[in-house]
Every structure is written in C-alpha cells, then in structure tokens.
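Same chain, two partners: chain A is paired with chain B first, then with chain C.
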Partner chain A sequence: MLLFIKRAATSVLILFLTVSFLFVLVRIAPGDPSQKYLSPNLSPQLIEKVKSSFQLDKPISKQYISFLENAFSGDLGISYKYHRPVSEVISEVLPFTFFFSLSAFTIQFVGGLLLAFWAFHHHKKLLDKFLSSGSIFLYAVPSFVSGVFLIYLFSVQLKLFPSSGVKTVGSLEENFFLLAFDYLHHLFLPVVVLALTGLPVYFKYFRESFEENQQKLYTVYLRANGVSEKRIYLRHIIPNSLNSIIAYAGVDLGILFSGALITEVVFSLPGMGRLAVNAILGRDYPLIVGCTLTAGLLVILTNLIADLIRMKIDKRLVKGLLN
Partner chain B sequence: MRNRFSVFNFFLLLLLMTIVSRLQLLVKTGSLLVSYLIFLVTDFTTAVNQFSFGLADCFASLLFLVIIPIVFYAKRKKLRGFKSFSFSSYAAAGIFYVFLFAPIITNSNYNFQKDLSITQLLPPLSSVNVLHLKSNTNDSGQLDKFLSLKKEVVKNSFDEGIVFVDSLRVTETGVDYFQNGLKNHLPLSAFQILEGKPKTSTKLFFLGSDELGRDIFARIIYGTRISISVGLCAVILSLLIGITLGFLAGLSGGIADLLLSRLNDMFLTFPVIFFIILVLAFFGNSFISVIVVLGFSGWMSLFRIVKGEVVSLKNKDYFITANQLGLSGARLLLKEALPVIATPVIVNTVFQFGNVVLSESALSFLGLGVGNEYPSWGAMINSGQEYLSQAWWMILFPGLAIVLTLITINDFGKKIAHYFNPRLHA
Partner chain C sequence: MSITRKNIPLYFLLLISIFVGCKKESPLNSSQVVIAIPSDIEGLNPLFSFSINEANINELLFLSLVKHTWDEKAGDLKTEPMLAKSWEWNSDSSSITLDLRNDVQWSDGVPLTIDDVIFSFDVYSDPAVESYLYGSFIPFYTEKDNHIIAEKTFEKLSDTKLKIFFVSGSSPSLFNLDFPLVPKHVFDKIPRKEITTAKESFNPVTSGPFMFEKWEKNQAIIIKENPKSFLHKDGNIGRIIFKVIPDYKARLTQLKNGEVDLAEYLKPEDVDELKKSDAFIVSSLKGREYDYLGWNNLDKEKFKKNKDITPNKLFGSAKVRQALSLALNRNEVIGSYLRGYGELASSPISPIFKNSVNESLIPYTFDLEKAKALLAEEGWKDKDRNGILEKNGEEFKFTLTISSNNPRRIFAATLFKNTIKQLGVEMNIEQVELGMLIDKINTKSADAWMASWIIPIPLDLKFSWYSNLATTPMNFPSYQNKELDALLDQLETKISKQQKNELYKKIETILFRDQPVTFLYWIDNIIAYNKKIENVEVTPLGTVHHCWLWR
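Moving on to the complex of A and B:
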C-alpha cells in the first residue's frame, strides 16, 4: 500500500510540474490578455488598475507564489472572460463531459468486446473478415470526417437528428422525460462519432487476444477436461484478455474526460475540450491553468482506478505494477 | 500474369498516362526549361529574377518524369524482389505520384479565384466557359516569349487574361457576355481572335469548386503535398529527438534516465493536443511552427523503444567492448546501436507518420494549421462545414483523401512490421 501511495505521489508531482510549467509558459509567451479589455481612450491610471486586477503587473515569481497559495486553498482564480471563479466555470461543464465521455467509452469498450466475440465466433469466415477490414477502415476515419459526414446524412438529408448543441433552443420543457429525450436526441450523433473513434482499437485488441489465448495451453487443458466453452470464455479467456486493455482504457478515458475536442467542435457541445481551447484562444490564463489541473487530476484518477481494477483481476500484477 | 504487374509497373503506367494526357504541357515545360537554361548562360540576372518556386517545381516534375523510368529500368533486377500486390502499395504509389507531379496533374492554381458569381460552389464535373482577353504584350523579344510560355506552364493564382462567362453572343459592335444574369459588353478588339470569332474554351472543375471559386481537385492534389511534407519533416524531427534522448537515457541511466522518463510519462498521460494548440495559439501558427510542435510532441513512443533496446544492448559484450575502446557517444549510437534498433524504430516511425498526418489535418480543421495560403485537407473540411447543405463535394473529397492516406500509411506500417518480423502476425 505504501508503494501504491508512492506511485500516486509521483503522478501528482508530475501534474504539479506540468501546471507550473504551463503557468510560466503562458506568461512568457508574447501577447497580453488585458489588451482585450482595454481601450486607448481609458486614462493611464485606469489601465494600470485593469492590469493590476489581472495581477499581470507583478513579476512572474510573485504571481506564481500567490497562485500556489490560492490553489492549495482551492481557489484557482477568476476567469477573465466569464468574470466568475474558474472552479465554478469548470464544474459547470464537468457533468456534461462525464456523461458524454462515459457513454461513448462504454459503447467503445462493450461494443469492441462484443463485436470481437462475434467475429471470433465466426473465425476466419466472411463476417470475421468483414469486421476486421471494417475496423481497419474505421480506424483511419478521423472524428471530424465521420462527424461532418453523419451530420450531412442524418441532419441535413434525413433531418432525423439535430446537428449541434445539447438541447433545443428556447424549449421550456418542464417534463423530465421530454427533457431527457431532448438531451439524448441531441447527443446521439456526437456519442456515435466519439465511440467510432475508439471502437476499432478495442475490437482489434480483443480479437487478437482471443486468438492468442485460444492457442494457449491452459485453454487446451480446460477444453480437454470438458469445461464448457461458456465457462472457458467468461472465467478464463476474457479476464486474461482484459489485463492490458484496462491500462490502455485508463489513459483513454482520462483523455476523453479532459475533452473530446474535435467532436465537441464539430457538434458545438459545451465540454471540457472546447472550454480549454476557448480559454487558450482568448488568453484566459487562470482558466487555462484550471483546465489543465482538472484534466490532469482526471487522468491520474482514471489511471489509478484502472490499476486498481487490474490488480483486482490479476494478483501477480501487484508487485510488478508498483516497481 | 499477376506477378508481372508489380507496383513499379503501376507507377510506370501512371507516368505513361500523364505523358499521353499532358503531352502539350510537357512539351511547353520542356521548351521553357531550354529557354531558361539559355537565359542562365546569356543573361544571368534575368534568369535569377525570373526564378520562382513554381518554376522550379515544374522543372523538377519534368525531370522526375524522365529520371524515374530510367532508374526503374536500370534497377529492374533489384526491384523484381519487391513484390506486393495489396491495395495499400498501389495507393502509396499513387500518393507518391501525386506528391511528385502535382504541377503536371493539375491544370489550375490551388488559390486561383476569378468571377466569383459564376465559379463558386460548382458541383463536380461542371465546366465553365472561358473567354480569353488579348494581352498587351508583344511577342517579339526573347524575354516576352519566355514570359508568355511561363504563364502557360506555371499556373498563377491570378490571371487577368481570362473571363468566366455563362454564355456569350457575338454582335457587330463586340461581344455580349452574361455572368449570373448580368450582361456585360466588351469590343471585339479586346479578345484574342481565333478564326474570326473570340477565342473561347471551357474549364472543367473535376471535383467542383469551393465557396471562393477555387478548384477542389487542385487543392486536394496540392494538399497531399502539404500533408506529406509536414508529416515527413515532423517525423524526422521526432525521430532525432526520440533516438537521441532515448539513447542518452538508456546509456547513462541514473538521474538523466529518471528525468527523461518522467517527462515522457508527462507527455504520454496528458492530452498533448492542448499543449500543441496552446503553443500554436500563443506563438503563432505557420508551416514551420506546425512542423516543430508536431515533431516535439511525437517523440514519446520512439523514446521508449530506443531506451528499452539500449538498456538491453548495454549488457552485450560487443557493446561493452566498443564502449571501453573509447568510442564517442555519437559513434556508439550511429555505428553500434542504430543498426540493431533500426527495425522497431522504422516500424514505429511509419505509424508516427500517420499520427502526424492526422494531427495536421485536425489542427487545420480547428484553424490552427499551416495557414490559409496553403491548401490543407482539414481546412477544406472546416470551410465545407458551413456549406454542408449546398455543397457536399466540399467535404466528401478532402475527407476521402484523408481516410485513404491514413489507411495506406497504417497498412504500410503493418506490412513493414510483418516484413521485419514475419512471425508477428502468423
């Protein structure tokens, strides 16, 4: 357990270094965010006042120290653009991001597993070949291509799904079910697009590891002992396959949590990715740092959870992982 | 029969098709090259003044067109060993062909815009009537001849000498022509006359045109060049960084190894796309900065591979001997380590190349790509998004180009991995 804490501490240290690096980088980069809020007509005193309200008139080291002091008490500063605390702005987009990325992730993982199972059941037959080449094709389709294509097909031509946003503009629906339906209706295409980007990866992985485990001696032994196929798969092959994919899934889910940027841009959704990029483009320094911190924490968290699950499945890993 | 038709034959077939269909242009390019060489001898300053990237591009394409078949013929015995019949190898040959011969394949500049009311958002395979105006240069001097020839060969992004029209009617006083319902009039003397009538031709928009009346076909062809060259440069950069750092970390161990490995972890776990966007947004995006940022953000997997290989190499006898003989670090890397680690590095580089091509188009899609003066597939899709309901061709063709390129690169990587390690996918 001590080693486990060490591992977590290393991650947090990396995060701390990243955030510090970013904090300095945005401030030494050319350009000044306060310019956007100033007009040449203002008096010099007022200009000074605006600059000092952004705390950009002090040397970077002082800014950094005050940032650290505030950050440890949970205060990440005030967003330049939204004029509200950064933590408040970020916590507004988090529920959407969680729902969006979790649903896409579930489809990727479970869909990949089931499709691989299905393909493996028809080993080297037409369906298997079709699914394999389909996954190679899908793997090469970037999300902005598939997103725009699906919008064209389903929104422009068939008019089945809305092309952007999370809810109908101006709808004052009070009924919970209608509201939920509206959300799901809007999110269907984005979730499909996001799921399609990862589905081939999981499919290919599971397909290959089924193949590999199928030939292993322990499978042969189990089969020779008359253990049912169902039991072989559920109790032996799938748990053995899960091991390294979960490590990948941890990283993958963490990155999804920190924003499925392209998909959010294509469908103009209010997620972490677009928030971060808009902060970057608008030079909203506190929000940039806040988004990085949140994203980093989420990545560390998902990685830790993934490691815990792996250790639960395979006890041998406890030693290996910690070294 | 099938064995005779290798990828190289396919490439030669492509070249043959180019020569047959573009013979006129090739002859003109050839004579332009000859007259430029004459200038280079007789009047050096004019030759230097007339030099441009477009001109060099055309000459290079022509020379490649001559050289490549000769090289293939000379090396035919060696090439016979390389036999591959998969779709991806043909596609790779096609991409390579487009990359080299872009100026010969296209018949208009990728930024050419004229008479927007007629040419914007044309569907694929539509053609537009062109009226040729008389240019007021006289074709007497050698330089004028050269310039008029150059104008025909090197496509400019502007041309005052042509007018796109819907229809025209020749009257006694001159020519009436219609542009999107508007009637215009010019005297007959303003046009180039061919057999007593004003000279007309048609311009084919093979894959349609975009919202600014630019030829999508030309933009896709030149977009191939942008994607491939950004990809190649960035991959070479990350190759250099990854190998150097990986070798350093693997060989020295200790504190350098620890620091570099932690940095590697940092890059691997955090979403690098935000870092890329941040640097591009804050320090400006251009052709060079995109290459540098993508190169710097792609070293992680190479670092890992090189480090792992070097660590295992360090305990091999021959390497210890070489080290104790006092070989310098660079020589150790180049002479002793690189040949051993080449295989996994090459395989990884190919996949990294695919990643960079994808990242470049994604960045262009977000408006942070190589810039508006170059055509990029991602940027084309981005601008096509606005006209989705009117012009599906604006997104379909660039999208197909991206998907085809990525499939080819991925498949190619798999082929190379299989070539080096046949047991991998037995």
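Moving on to the complex of A and C:
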C-alpha cells in the first residue's frame, strides 16, 4: 500500500510537470492553430476571430490558469481540429490502440521468449547463430520497409490480406464472427509488422539472460544436486530472466500504447500515434496536451503493473522498489 | 490429433486459409465509387468546410442556391440553377430576385423553404459561429461585426420568391450565393457558439443529391444517393466512399489493386506505370497551383522593431528580384522533376482565365549574363574578389527557407543555390517543418522562402497583393505598390467584365515587371480514375465535383 501511495504521488507530480511544461512549450514554439485559416478563400477577420475564441490573444499565464481550472474538473478542452472534447476524441482511438498494441506486444514477448528458448537449446549451434544474426537483421529493418514489403507480398502479389484499414470499408456488420474475422484479417499484417520491430529485442534480452543465469552458481548447484534441466529452466532460469525483462516490457508496452506512428500511417490505422502527430502538425494544443497526458498515464500504469508482477515473482524486490 | 511441433506449419496454413476463406467479397460494385483522401475530415457541417475534402463532400450533401461549372472556352465560371430555378437582376445590379424550387426536402422530411435560405446567410455571417465564410459577405448589408442585417437584405415576395438587396456601388455576383444551405429547424435550436461542437455537425440533416450514411473515423466517410432529390437519376453513382489513406504509397497501391477508384495528387514518376494499365484514365488538372520563390521585400529587423516598412537591403529592389528570377532554370525543374506536368508561370493569373491573362508576357527565361548585368546596375559587385557580391560593405548572402517534406522544392532550391553561386550570391537552404515555415512567412522573419499558392476561383488578387499589411495578412512578401492598389480597388467597383479583364492585364504587367516574388511554375494535379466511372470532368473547379452526374 505504501508503495502504491508513494508511486502514485510521484506519478501525479511527473504528469503535472510534463503537462505544464508541454502546455508552455507548444505555445512558445513557432506557429499557432490559426495558421490553417491563412487561405485565399477565407477572410482575415476570421483569423482574428478564431485567435480570440482559442484565447490565443491572452497571455500564456492566463491560458494556463484557465487550463488548470478546467483540467482539475476533468475537462481537457475542445480539440481545435475535431471540434469535440479532447477526452472523447482520445477515447475513440484507445480501444483500437489497446488491442493493436497488446496483440503486437504478446507476439513480441512470447515469440521472443520461445525463440530465445529454442536458440539456447541449440546453444552455439547453427540455429542459435542463425537466430542471433536474423534478429539483428530484423531489428535493423525499419517498420516502414517491412510494412511496404509485406503489403507488396501479401496484398499486391498474393492478395491474401488487405493493404490498409481496420475493417472492410462500407461493409455491413452482418454478425459478430464475420466482423471479428474481418478485423483480424485486416490487422494481421500490421500486427506482424509492429511485432517484428520488438521481437528481436525480447529475443536478445531473453537469450542473454538465459546465458547469464546459466553461468551463475545457483544453476551449477542445482545441476550438481541432480535437478532436471527442464525444472532448472522452468523454475529458476526463466523466472530469474523474467525479472529484468518485465521492467523493460512495462516501459515498452507503455510506449506502444502511446502510438505506433509508422505502422499506423503505412496501414492507415486509427491509433494514438497518428492522432498525436496530426495534433502536433495542426497545432491542436488541447489535443497535444490530452495525448501527452494519456500517454504519460499509460506509461506510468504499465510500469506500475510491471513492478507489481516483478514483486510477485521476487519478494526481495519490494524493499528495493520502495527505496 | 494433438498439437505437435511437426504440425505447427499446418496449423499456420490452416489459420491463413481461414482468413482467406473468410475474406468477404469487396463491397465494390458498379454503382459505387471509392475515392482516396489523404486525411480525415473534421466534421460534416458545411458551415465549417475549411478543407477541400469537406467542401467536396458537403457539396454533395447540401444544396446551394446556384451551382458553378467551368466554361472551358471562355475560361470563366458559368452559373447554373440549383435550388434557385431562375433569377433576375435589377437594372443596376443592386438586387436580385430568386425563384426557388418548392419540391426539395431535408433528409428528415422537412421541406426546404425560403426561411432556410435566409437563416443560412444569417448563420454563415454570424461572428459567434466562425463559419468558413465569415467576413466574406462584402456586397451585403452587414453590421460592423460583418453579420448580415436580414431586415435590410431580404424580402420574401412569396413562398418561392426571394429578393436580395446589395450595398449600392458594390459588385455582387452569383458566386456570392453559391454555398451549401443549412437547415434552420436543426440549427436554430442550438446556441450559435455551440454549433461547431453540436452532434448535428457530425450526423447531418442534408438536402443534396447524396445523403449521409456513415463516418468511420479516420477510415472512411460513406454517402449514398438520395432518390428523392431532383438531381437524382437512375443508373448514376449510388454510393461514394471517401477512404482515408494517409500514406502516398498505400494510396497508389490501392489504386493499382482496385481497392480505390480515384486518387489525386499523383506523382509524375508514377504516371507511366498507371498509363500502361487499361483500367485507368490518367488526367491532369492544370493551372490551380503555382510554386514561387518569395522575397521579403521589407527590412525584417526594422519591421520587427517598430513595424517600419522600409525596403529590404537585398530584395527591396525590383532589379535584384528580376536578376534572381533570371537565375533559376525553371525549365529544368519542369522537365526533370515534373516530367512535363507543369508549365512556366509569369504571374499569379493562371492561364485558365483565358480573358484575364496577359498573353503578351513572356516568362523570364534562364539567363545568367543578363542577371549579372542587372545586379551590377544595382551596384552589386565583387570588389574583394572572394566570389561574393558586395554593396555598401554588405555581402549578398541570405537564407532560403523551405518545407522539409517537399522533394520538389528541395530539388529546385538546390538547383537555384548552385546557379546563383555563379552570380556571386551565397544562399543557405534551411529546411523546416511546414508549420514553422508558415510562421516564418507570416511573421515576416524569413529572408526568402519557397511555397505555393492554390489560386481562388473566381479570380482574386487583393488578398495577397494589396499594400496595406494590416488588412492583407497574406501579402507575405510585403510588396508595396500604390499604383497596383488603385487598380485592385477599381476591380471592386461596378465595372464591366471587359473592363475587369483589362485591369487584370495591367495588374499582371506590374507584377511581372516588379517580380515581388519569382513566379515559378503551374503544377498539374495528376489524377487517375477507374474507367468504369463515366462523366468525370477534370476542370479547374476540381475532379470530385458534381459527382451526382457520374455514372
């Protein structure tokens, strides 16, 4: 409980400082939301009117106070671009983002673990070397390259998967199963592309960790006592390896939740990444702050969950984390 | 059968075959068209049609009093009836009487009446609403805050006849009446300031030849034919899907794949491959957008300090600007980069305006010797022989700011940098994010920049060339010319079309002579669409235009 309170207090402070810093930063950075009204088809009077209704003609300090007053009552403002409450705009992309990120994360984590296990099983043999080199290659391939390649292969040539979107546009939702299949059919390639960027990292983490734990004295001791290899792996090496990896996974999942911009753009997906970047490019101040706040909350939350899992695995960590 | 390592590939294949087997038939059919758009719209209320895609969609969902088509022969707009069956101007064009149709209903069944028309003018011009037309009702009787005074402007002669009065001496046109009408019975209940966020702005009650079907956020906007519309014809397009595809490569792939039927702003390098296919018609929309090299005509430091308007030490002279205009080989950009999908520009008046354009002006051609001579005439000489020209102890050095995501401008800027070096002019290229570039241009803090203008139809020049910087924020180069101002003012008076065209030609001659910016080239908007769509007209008014005529 003490841990929770301490972590919560620190998290709220970090979030408050981040959002405050960002609030000022976006306003002093070049450009403002009225730029989009600079057009031959629009009157100069409109620009002035818009600036005034966005409160851009007021000092930043006054804008900030007004923002804090609203934020504490749960109102993050109205998005300049979407003309709707920021919370509503963000909540529309969150379900997709959660599903998309969690799917990719699960493949990365479980795939990385299984591949590392497989490679370690063939320690220093051809397969191990192949997987190690392959993981470096995969890590080096950016997602816009793998995305375009997979689209070319599976969508253009083989015509197995659609090249973009989350579902068949304009289709009628006939029944739940068809709709679910339609979603899965559309999301298969993007999830694979997103997972491919993280899979080599988890593979490497697990592989190195297995190696490290394998050489530790407790493993030698267990072996000397005649404990079976299977038991040593399942009961000792994997749990010990998991500890440091879960800490990384907590941060990684939080970042995934904040958006996978490139994959979202290549596959035209409605996720947090595209939303945040469009908000920045359009100088949609309330939405930028809203996206940052949401991303910050998610990173903090996933870290907290990661720490709780680590503590569950290893009770010794409770003291360490409290300090 | 248990899951064993050996048969994992089999399970994988099974999974794939389930996916493929469950792949639904594409919803594409002969009466449906899928149009690729690069970004989602912001709303479905015509009051806020700020982007071209919103304007295109709202034109299909909402009726206007009149519609405009492009008369290719005359190089001008042609007005045709829509809600107004006919109209009659009075002798001095200070009023117009409209005869409206009485057979139009909103999609919720309520009849569209004269009250909707008057309400539309009122709400569009209301400062509290901040519509895209706010401040544009120049020839109308308005309050100081630009809000139309309904009592002075409208007279209901009968249930279908409406008289509109204009300010005497103003120069109204039917284009002032061409905007999508909004339903009074829907928006009258909502406080004006809240219309922008009201749910009715996202789930619209419409009156046009198409009705709203569905908006899958960040994915697609779907509209379907309105069989009750007087514009409806059996056999025409029944459904249009505007599919959001932000990535250019993805748009192109889907076009080739048949997932999309129409895409715009294609790159010249992709045209040959598209033309090889029998499935597409590739066309180009000419004369709507030009690239230019902007010169800050003002001394930016003095302007920043006291808003002083004094000529820029480098670009304040017309001769220097002329010299720089001679120093870019624009034909090389048109040939190598645009692959012929562009033409030289000599002024902001597009060649599409056949009667207004001054055809006697021959665009500046690449001539470094002439450029050198002009710079020497202005006193720019390399006295210390360091390869850079000087005048009054100051070297000819400046920074050209461009947007980092535009390869065409990066290509042209690099070419320009290399050629003006031969003149003894040193130029740095600064690549910045688009928003930052706009900020620099807008605050007049850039030395020089490269950008483009999409020209308005009908032709309008005052918004960007009038000297008064307070009322003309889009005079980005801050060009000052009283003679030009007088001509621009004359254009707003009651004069004949022919007189207007003569004025345009004079204005063009002045801008050509002074080169406040270097007009580079008109860039074609390359469009490809599926041959199955008939009646598509690629005109300066756009391609996704009057789609109810598509078959």
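As a working rule, the second predicted complex is superposed on the first by the 303 of 323 C-alpha atoms of A that agree within 3 Å, B and C clash if a C-alpha of one lies under 4 Å from a C-alpha of the other, contacts with A are read in each partner's own complex, and residues count from 1 in each chain.
The rule we apply is simple: contacts are C-beta pairs under 8 Å (C-beta built on N, C-alpha and C of every residue); 3 or more make two chains touch, one makes a residue touch a chain.
From a predicted model like this one, the values you see are computed outputs, not experimental measurements.
Once the two complexes are laid over each other on the shared chain, residue contacts for A:Ile136 go to chain B alone; chain C is not touched.
Between chain B and chain C, it is C that contacts the larger number of residues in chain A. Touch criterion met: A:His185 reaches chain C, while chain B stays clear of it. In the overlay built on the shared chain, the residue A:Leu281 is in contact with chain B and with chain C.
Of the two partner chains placed by superposition, chain B and chain C are both touched by A:Val156. When the two complexes are overlaid on their common chain A, residue A:Phe267 makes contact with chain C while staying clear of chain B.
Residue contacts after overlaying the shared chain place A:Thr197 against neither chain B nor chain C. Once the two complexes are laid over each other on the shared chain, residue contacts for A:Lys36 go to chain C alone; chain B is not touched. Contacts of A:Val148 after superposition: both chain B and chain C are touched. Contacts of A:Asn240 after superposition on the shared chain: neither chain B nor chain C is touched. Taken together, the two structures place residues 30-31, 148, 151-152, 156, 265-266, 281, 283 of chain A in contact with chain B in one case and with chain C in the other. Considering their complex, residues 16, 18-20, 22-24, 26-27, 32, 34, 39, 42-43, 48, 50, 127, 130, 132, 134-136, 146, 196-197, 201-202, 214, 216-220, 222, 239, 241, 243-247, 249-250, 253-254, 256-257, 259, 433-436, 438-440, 442, 453-456, 460, 463-464, 471-474 of chain C touch chain A. Residues 262, 265-266, 268-271, 273-274, 277-278, 281-283, 358, 361-362, 365-366, 378, 381-382, 384-385, 388-389, 392, 395-396, 399, 402-403, 406-407, 410-411 of chain B are the ones touching chain A in the complex. Contact residues of chain A toward chain C in the complex are 30-32, 35-47, 49-50, 53, 78, 81-85, 92-93, 148, 151-152, 155-156, 159-171, 178, 181-182, 184-185, 188, 265-270, 274, 278, 281, 283.
Considering their complex, residues 10-11, 14, 17-18, 22, 25-26, 29-31, 136-137, 139-142, 144-145, 148-149, 151-152, 156, 251, 254-255, 258-259, 261-262, 265-266, 276-277, 280-281, 283, 288, 291-292, 295-296, 299-300, 303 of chain A touch chain B.
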